[in-house]
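Let me begin by handing over the structure; questions about it come next.
To keep things simple, chains are lettered A, B, C and D as they appear, and every chain counts its residues starting from 1.
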Amino acid sequence: MTAQPRLVGFACRWCSYAGADLAGTSRLEYPASVHLIRVPCSGRVDPAFVIRAFQRGADGVLVAGCHPGDCHYASGNLFARRRFALVKRFLEYLGLEPERFRLEWISAAEGRRFAEVIREMTADLERLGPNRKLREDP
Amino acid sequence: MTDHQAALRDIAAKLLGGGQVATFIGFRAGLDPSRPVPHFVRDASGAGALVINPFCGAGLARHVLEALEDGPVGILVRGCDGLGLERLIADGRVTRERLHLVAVACRGAVDPARARAILGRIPERAEVDAQSVALIAGEERRSVPRDSCLLGRCLSCVDPSPRLADTWLGEPLPSGQRDFEAVTRMERQPAEARYAFWSRQFQRCIRCYACRNVCPACSCRSCSLDDPELQERATGLADQFGFHFTRAYHVAGRCVACGECQRACPMKVPLSLLNEKFLKDIRDLFGVADPHRPSATEPLACYRPDDLESCRGEAR
Amino acid sequence: MRLLPSERLAEFRECLAAGGRLYGPVEVDGIVRFEELGGRLPAIEPGNPANSLKSFLHPQTEVVFDFEGGYTDVALRVPGPPAAQAIFGVRPCDAVALERVSRVLLAEPFADESYRQRREMTAILTVACREAGPHCFCRSVGVSPADGRGSDVVLYPADDHYLLEAVTARGLSVLLSAGALLDPAGDEAARAACQSTPVPPVRGLEREDLPARLEAAPYHPHWEELARRCLGCGACTFLCPTCYCFAMFDTVRGTRGRRSRGWDSCQFKDYAMMAGGHDPLPTRASRIRRRFLHKLSRFPAVQGESACVGCGRCAAACPVGLHLAGVLSELEEVLR
Amino acid sequence: MNPLVPQVATIQAIREETPDVRTFTVRPDDGRFPPYRPGQCAMLSLFGVGESMISITSAWSPETALEFSVKRAGRVTSALHQAEPGHKVGVRGPYGNSFPVDRWVGGNLLFVGGGIGLAPLRSVINHCLGRRAEFGRVDIVYGARSPRDLCFRQELFETWPSVAGVGVQVTVDAADAEWRGPVALVPPFLEGLKPEAAGTVAVTCGPPVMIRYTLQALGRLGFPDDRVFTTLELKMQCGVGKCGRCSIGSKYVCIDGPVFSGAELKQLPAEY
């Protein structure tokens, strides 16, 4: 297990992905072990993708989208909000660690917020230790 | 229920004879009297093979998909079948006009394996009422509690009668409200106990896909669970968690709680306990009173601007 | 022949467990399955556990090899040999099934090496049947409730003891290792009792012309009728002790990966579909027909015996009652 | 040794035959591959992607590497088309029976191929041309969807026609601006050529529907079933007669085939 937890982030291309860019160009510090996957909208993310990320070795998964009211497609993030509320509770129900998953709203202007979320999550994941329950190693 | 057998045969014969339907879906006797099988009657003269009794356990809704290829379908419908058909109609897979629903109220179906274990031999008949079940073989008649021999899904059933009907056999029974008691009990367990419980259940899974194939909400022509990118064939514990997560989530908001998945599971994985968790949370988080009954707007295909922001981050 | 008094069953179990991992039928969460026995005694009930012996010899999934490397450099690592195991509380039909499957998997020149190794490291301790289970029909397919084929040791139950017979050299060494627990036996009544255990016949199966009649009616409309009822799941095939079909698949994590194989079912819709879309088994009816003809006609044509052993698992498992015995009695009627 | 574990091999060369067919020259890293006969196949795999049963297009000799002509069709073959020389592949085999060439000695040979179906025929054609003196006339009839889908152009238009007593006839289903040859589907084209059936063995391979109509055409031309051969292709997972996938009747295509005579084919259910 690497020292730093592996964090996979599904980032909306209209906001959070640009937010991550801003964090980079503003030279804000955040853990380098985050792997961002650009998606057209947080509403595009099937919870099966989240599970897949865990199985393939993620210690934590972040889905990041636009603030309510700001969705490029008007409402994708609001569908995502309902969906991932259920997912989070379901992970807990199965006895998995719901803290490993977060849905966050990060706008294109919130580079600082992006760095903060990544730092927070990484700290949480360090406390939790490596994902063992959902990781499937060949 | 058995009293309606003659009327059912009559109605099926008339529908088929009059050309209103091309197929009538019901049950006929199996090799063993306690295991009737789904049956597809194609002409009026075959209607005499139809049976209806408390051993009729299989859900029939899913079978309309293929039968409709031959023309309009008549079908025997209990509460659970009705919800399944509502699901297929809401999903746009079936048009209401091509179905003739022969409705009957159901007090519960007997699990043939449990009944045989109680009786020590194959039961020939059964009578189910609101309080108990009578199992009958030869001269022997034994009255036992409902929870000792009914299918699990029937014990928590709150929809004995279908909401859609074209013809009624007898009278409908009143419907109730799900209490999600089993889910609540599970939620109260410590996390490690829940993990241990589900690990034990999922480890048994043989990935036969009966749960999916029997499900009226799983009628997609192309399924995520067949996509090797989303669901590998491997059967390690994490793969099994992933499989059951994805199956349950992909019917969340559309599951009608008919319990067919759990009935069909040859490894007795308590799949309803997964589906019901989603139903309960949909009720609690989104204020949907009866989330298992299909409605014009699916709970996950809509939103409210004032959906609790707190349901985003916290697990509870 | 040896005699094991019933009260020494737990000691006998300990003796078996000393030789490796020990599995047997146990009831957990309301279902009887072969599982690791631990401190439990095998649940010997009429009929069969839900899963079959193949879980231990031809497992649901297994590693063929692991690999590591990139496009231009790769190293393979083949898993080591399997550990010794014993399965205690098997029914005769299951052991016979193993013998049938072995004819295919061990056929030269390409004997299935991992199956062969597992088979060599596995002791099969069969308990003959004094009572048929609810779905049993072994006698209709040429298997007896006291059948010893495929077993290493057969235990014939009597009221207060078991009569033990070693069928193979491996079985003999098992009995030798448990020698202290066993009495020399005189009375063979227990075996005779099992040999005459009644098992209800299945109409149609006993006809010698069955394969020919099935092959002669490949497009009989009844196959379509069955297809309407069938859900296309793999429960019957995965629980069947003689179904051996498997698929191979790769999984990758970065520079490491694995090629595995796992059960596959001829009832799945992509079973025979080729790249490009051509499918020799395009309909559910064609796949059902394939399964029944393989069991009752095509496997017997090559191996001389039925590929159904009458264990009844398909009858217990099929969500719509579409199982071999039931289908056969339906076909018997429509093909008449 | 586990028969499901492949030898590691290296792609040495890749030749583009058509827009969707490439021929891969593959040499096992340990330098050894068992001798194989014309018509046999091997399991070719990419690690992390999967395996496909591919017929060996080359004719065996101790020095040559294996050649596989692969049409891009599914997951594995698409990935193979992305591969480059130097990349590692897995190879195991050879599998299956082969063309009973020795029984054909003294006769005329008629090869009828369609599309990528020329790949298995190529190995037996080159094998027979290597023993040219043992056979009479050799005719090769080949067709593809369009001129750009014709495989093995060099052999088709240069090498084979230059051998004495060898005739090559090429047709396409649909012509393009440059094509001046015949335009016809293979089965009617073949029937139009009226090949002499007496003393001739016919060997055909192509897409399933082409095989079906070609067999019928050969029947009408007077070829008896036991002097007609074809090679079948079904989905395979193991290649060694275990996985059940390629079963057809009581035969497995991977070990009892892929080569079947017309007479044998008539004994099998039409599930190919």
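Simple rule for what comes next: a contact is a pair of C-beta atoms (placed from the backbone, for glycine too) under 8 Å apart; a residue touches a chain by one contact, two chains touch by 3 or more.
Because the structure is predicted, anything quoted here is derived from the model rather than measured.
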More contacts between chains, A-B or A-C: A-B
Chain centre separation in whole Å, for chain D relative to chain A (CA means): 51
Centroid distance [mean C-alpha coordinates] between chain C and chain A, Å: 46
Geometric centre distance via CA averages, chain B-chain A, whole Å: 36
Between chain D and chain C, distance of the C-alpha-averaged centres to the nearest whole Å: 38
Shared interface positions of chain D, touching two or more other chains: none
Multi-partner residues of chain B (each touching 2 or more other chains): 232, 234, 236
Sites on chain C at which at least two other chains make contact: 247, 249, 251-252, 257
Chain contact graph, described as a line, ring, star, complete graph or other shape: other
Residue ranges of chain C in contact with chain B within the complex: 28-31, 33, 50-51, 60-61, 134, 225, 227-229, 231-235, 237-239, 247, 249, 251, 260, 262-263, 265, 268, 270, 315-317, 319-322, 325-326, 329
Contact footprint of chain C on chain D as seen in their complex: 1-6, 8, 45, 47-52, 73-77, 83-84, 86-88, 207-208, 233-235, 237-238, 240-245, 247-250, 255, 269, 271-272
Parts of chain A lying in touch with chain C, wherever the complex brings them together: 56-57, 136-138
Footprint of chain C on chain B - complex, ascending: 30-32, 35-40, 58, 62-63, 66-67, 113, 116, 122, 200-201, 204, 206-210, 212-214, 226, 228, 232-236, 260, 263-264, 266-268, 270
Complex contact set, residues of chain A against chain B: 46-49, 51-52, 54-55, 68-69, 75, 78-79, 81-99, 102-104, 133-136, 138
